[in-house]
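Below are two complexes that have subunit A in common, paired first with subunit B and then with subunit C.
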Partner chain A sequence: MTPGRLAYIALNAAILIFILAPIAIIFVFAVNPVPYIDFPPSGFTWDWFVQFFTSDIFMRSLWLSLRVAAIVTLLAVFFGATASLAIARGNLPGARTITAFVLSPLMLPAILTGLALFQAYMFLDIGRPLWGLVMGHVLVTTPYVVRTTLAVLHNFDTRLEEAATNLGAGPVRVYFEVTLPLIKPGVIAGGIFAFIVSFDQFPVSLFLIGPGNETLPITLFNYLKFEMDGRIAAASVVSILISLVVVIGIDRTVGLRSYGKM
Partner chain B sequence: MSASIHIERASKVYDGAVRAVDRIDMDIREGEFFALLGPSGCGKTTTLRMIAGFEQPTEGTIRVSGKDVTGVPAHKRDMGMVFQNYALFPHRTVRENVGFGLRMRGIDKATVARKVDRALEMVSLSAMGERRPAQLSGGQQQRVALARAIVIEPRVLLCDEPLGALDKKLRQQMQFELKELQKTLGVTTVFVTHDQEEAMAMSDRIAIMNGGRVEQIGTPSEIYNRPKTRFAADFIGDTNLLSGKVVERDGGKVLVVAEDGFEIPGADHHPGGVVHAALRPEKIVLHPDESDAPCIVRGRIDSANFLGDSILYRIALPKGRHVLARAANTAHSRMLPPGAMTRLDWQPSDLVFLAD
Partner chain C sequence: MSEAATAPAALTSDDAAPRRTGPNALAWLILPIALLFALFFVLPISLMLLMSVLTGNPMFEQGVRFTPENYIRFASDSYNWEVLWITIRIGLSTTLAALLLGYPLAHLMARVHSRTGHALLLIAVLAPMLTGIVVRTFAWMAILSDTGVVNATLMRFGLIDRPLPLLNSETGIVIGLTHIYIPYMVLTLNGVISRIDERLEQAATNLGAHPLRAFWEVTLPLSVPGILAGSLLVFALSISAYVTPLLMGGFQFMTLPLLIYQQISASFNIGFAAALGIILLVISLALVIGYNRVLGLLSGDRDLT
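This part shows the complex of A and B:
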């Protein structure tokens, strides 16, 4: 092995350790019997997980977070994909300005978006209903879908659609037979981002959550204010696993791979 | 059912400024193999796209089998198109690609399968049905594109430089196969190319295009032997362009090629003004200059290129201008060495007068 190759492997290992170490620490914390961060662990227990899964508050907020993330993902995918198609294909005047506008929540700190929404809802006298929270999440997740879908559309060979048209497909069939299948990987990648961003959304939720409607990150935060024990770590591990299952599950079923040559 | 296509004074203006196609007229007959030939940017693709319905003519009309198709959307025109980069659906197998048009027509599965089988057989790809386009070579992709276009039995087959991406050998083979297939099916075919040899080899008729206009329409031999414009003469094959004045002399007409100071008898053209004429290199007869026998002009061999079946000479005329002359390579011909003086002769009728 050449020194260059060795250095290359070492660098990659360092990067992986840097990314994965915090997650590993959480895992260790979650199965360590003592209620504080301690290394090396003084034992092994599933206790914190049991406590997490039997806690009413945690379960209610986990379930709410999952439902919110699912609805948010569907809406973000719908709005994001349609907006991208309009931007890329619509011959709209000022398409660049529209793109910048749609993507702007990505540029702003989410806490500002949350505060702005909070004030807008107050001003409009909407209060803090659940759908208000969902719309807030949609606002900050749609840009991810737009970003990934636009990237695919940018490289899209429109002659494929012309070929389908030429073979007798009307506009609707062209869309479902050619356009949609080919932009699907981009849309789905964006959808996964949307799910994860919504699922562990904190700053926007902080402002928009109504009483009794806490999502998991908010519940964890409230809990952390008073106590710090392994249940927090167990909850984090569960969140990580859920995100992982979503990514792998979607990849296995609908697929993330693009079709290479287009 | 094959169709005829009539294009009448059709233009396409992009963004109110670019005249991509400029008042063209074409009559493409039923079952004909019709090539659009011209340099890059001359409007070939635009013309094809107007026929296919992807672009609306800014002015003029296009009729297919007598019916005006303005306003008929592309997906109802029943034309098969082979795109330059094939535009195969990357997410579908070869069979699905070929069957796409049939499926869009609502044909039942069994019939689709049968027709797809037959189409794949025609292009010798029966074994590749389950592959995806990315798993095929360029030539194979080209055949899939062709099969996909002909399986719907279109009224018209449109091809936009379908062989452009293939290497020379494969290209010649595909030219032959495509032409055979077209003859068997009898489908009216409009074939875009910028390769004059390809157009000559395959077409019943060729439209030479230049700058959005049609320079000439004719059979390959008409265009080769009787080019109408300087552009057409120059674009197809090697040619010598001469210009001068036609004058009356001793009751007959001659062309005076001013710059080279020689006269060509028997000019079949009205006297007056500057006229242009084309002379193919193989029409020039060379005689070694051993006597002062009469001839049209004398020159000195500048260079001789041995081409196998012929020899191409570059000959300097007295005033320094060069012409090309091609001599067949026969058993008893001998190559004239560079520097040798030669007499040049040709039949007056071989001189083709050009419109401009």
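This part shows the complex of A and C:
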């Protein structure tokens, strides 16, 4: 190996450490017994996890985040899958413009989406109900479902549907027996992204959470403003593990590569 | 470069479906999302624009009229310009850092030949994206605080006597933001670099050029659109960050998103917050349109934006 090649590998290894080490560090602090940030760790304890799981505030927000993410996922899948079918198979004029528009919440800073919804709810005197927060999350997660489902729809051959039609299947039967099974991986992958994005969502929630309706990222943030102990690390580990379980789900269904390609 | 290659980020370019007839029955399925976007995207942004030029909320107040007051207030107070400058300065530093760290990794991803190698690198780049920004900011607070990983290690080896002020500084903000937005840079750059034919580089080295010179004169110039697009995206994202500038800056650095939140929570000045939101929206829109233009020109889809 030439020295240049070696430097290239070393540089990339260092960059990968920069990207991955912070996540590993959280696991270290979650089991470090001292109640403040101290390095290297001086022992091992599960205590912070016990404190996290017995804390009313953390449990209430964890439970709310899980429920919100579940409802958001269902709605995002509905809006995203129907829109993708219309865009890819509906022969709509301006399909490309529609796609760009539907994906635009991904490109705009999410904090603006949250702020605009907050302004609208204020203007219309709706206040800050839970459904308002859910719809904010739906808006920023639906594009993920559109993206993954469209990718699948563009990849498979319309001749499969045409063949089914030529063999005498009606449009409803073609839809349920050919189209739907084919787009399922895309829809599921999009749904999983929707779940994670909603579960970890901060900027949209910031303006939309009502009193007593805190999601986990908001609770973590408010806690971090004043304190930084093992409980916050334990909470972080739990939220990473929940996302991880969900990601393994993605890999089982369609593989992560499909996301990187888009 | 392949004309049919898809743009790396948001836009799929496969739109060549034959249009023999008009919209069919499936076209009706566009209605749910049309309703969603009308009610929860177009309407709120329009209302925010409206609130920014009104003296109050016409739903409850009498005699509300149009006024440019909120925008004049922004422009006439030098404090706001300072906030804007801090926001842009942090955005520029973050963009530069993300570019310098993201380029080598994107290059490696584009040039690695094994599928497993590519998949592992992709997982490494995406892993932080699947961790919430609050959690990642906490990780950097733990690394950079006075008793954190970096300072504790340096002091243990006697390299410094007292902790470096890494947390509660602009450097800390930039480090945290770079970590959060580097995946966007890597994915955008990777999309462009992987389209550059590797044989161009090989031809240059075969003709006697040093690999570094081949990179400098062949690959780098060809990846300029990726550099431009990735930088626009990371800049747009980092100027709208809230969590990291607040927590890593130790409440000392006021950026535009922080000012917006303060106007709502502390001053309850909805109209001024709306005007600030519109200012941030206009800046972001310009950057995102630029991003799409650059990538659109690259893949030959001139009508994307």
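Throughout what follows, the second predicted complex is superposed on the first by the 229 of 262 C-alpha atoms of A that agree within 3 Å, B and C clash if a C-alpha of one lies under 4 Å from a C-alpha of the other, contacts with A are read in each partner's own complex, and residues count from 1 in each chain.
Assume contacts are C-beta pairs under 8 Å (C-beta built on N, C-alpha and C of every residue); 3 or more make two chains touch, one makes a residue touch a chain.
From a predicted model like this one, the values you see are computed outputs, not experimental measurements.
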Q | Clash or fit (per the criteria above) of subunit B with subunit C on subunit A | A | fit
Q | Touched partner set for A:M135, first subunit B, second subunit C, both or neither | A | second
Q | Superposed model, subunit A: greater residue contact from subunit B or subunit C | A | C
Q. Is A:M122 contacted by the first partner subunit B, the second partner subunit C, both or neither?
A. second
Q: Give one of first, second, both or neither to describe whether A:I57 is in contact with subunit B, with subunit C, with both, or with none.
A: neither
Q: Could you tell me if A:I17 is touching subunit B, subunit C, both of them or neither one (first, second, both, neither)?
A: neither
Q: Considering only C-alpha atoms, give the closest distance between subunit B and subunit C in the superposition, rounded to the nearest Å.
A: 6
Q | On subunit A, positions contacted by subunit B and by subunit C | A | 259-262
Q) Okay, in this complex, where on subunit A does subunit B touch? A) 157, 159-160, 162-170, 173-174, 177-178, 181-182, 259-262
Q: Can you check the complex and tell me which residues of subunit A touch subunit C?
A: 4, 8, 11-12, 15-16, 18-23, 25-26, 29, 36-40, 78-80, 82-83, 85-93, 95-96, 98-113, 115-120, 122-125, 135-136, 138-139, 142-143, 146-147, 150-151, 154, 158, 171, 196, 199-203, 206-207, 217, 220-221, 224-225, 228, 232-233, 236, 239-240, 243-244, 247, 255-257, 259-262
Q: Over in the complex, which subunit B residues touch subunit A? Could you list them?
A: 52, 54, 73-81, 83, 85, 87-91, 100-101, 104-105, 132-134, 148, 152
(Q) List the residues on subunit C that touch subunit A in their complex, please. (A) 6, 9-12, 14-15, 17, 19, 21-30, 32-33, 36-37, 40-41, 43-45, 47-48, 50-51, 57, 59-60, 101-102, 104-105, 108, 118-119, 122-128, 130-143, 145, 147-149, 152-153, 179, 182-183, 187, 190, 211-212, 233, 236-237, 239-240, 242-243, 246-247, 257, 260-261, 264, 270, 273-274, 277, 280-281, 284-285, 288, 291-292, 303-305
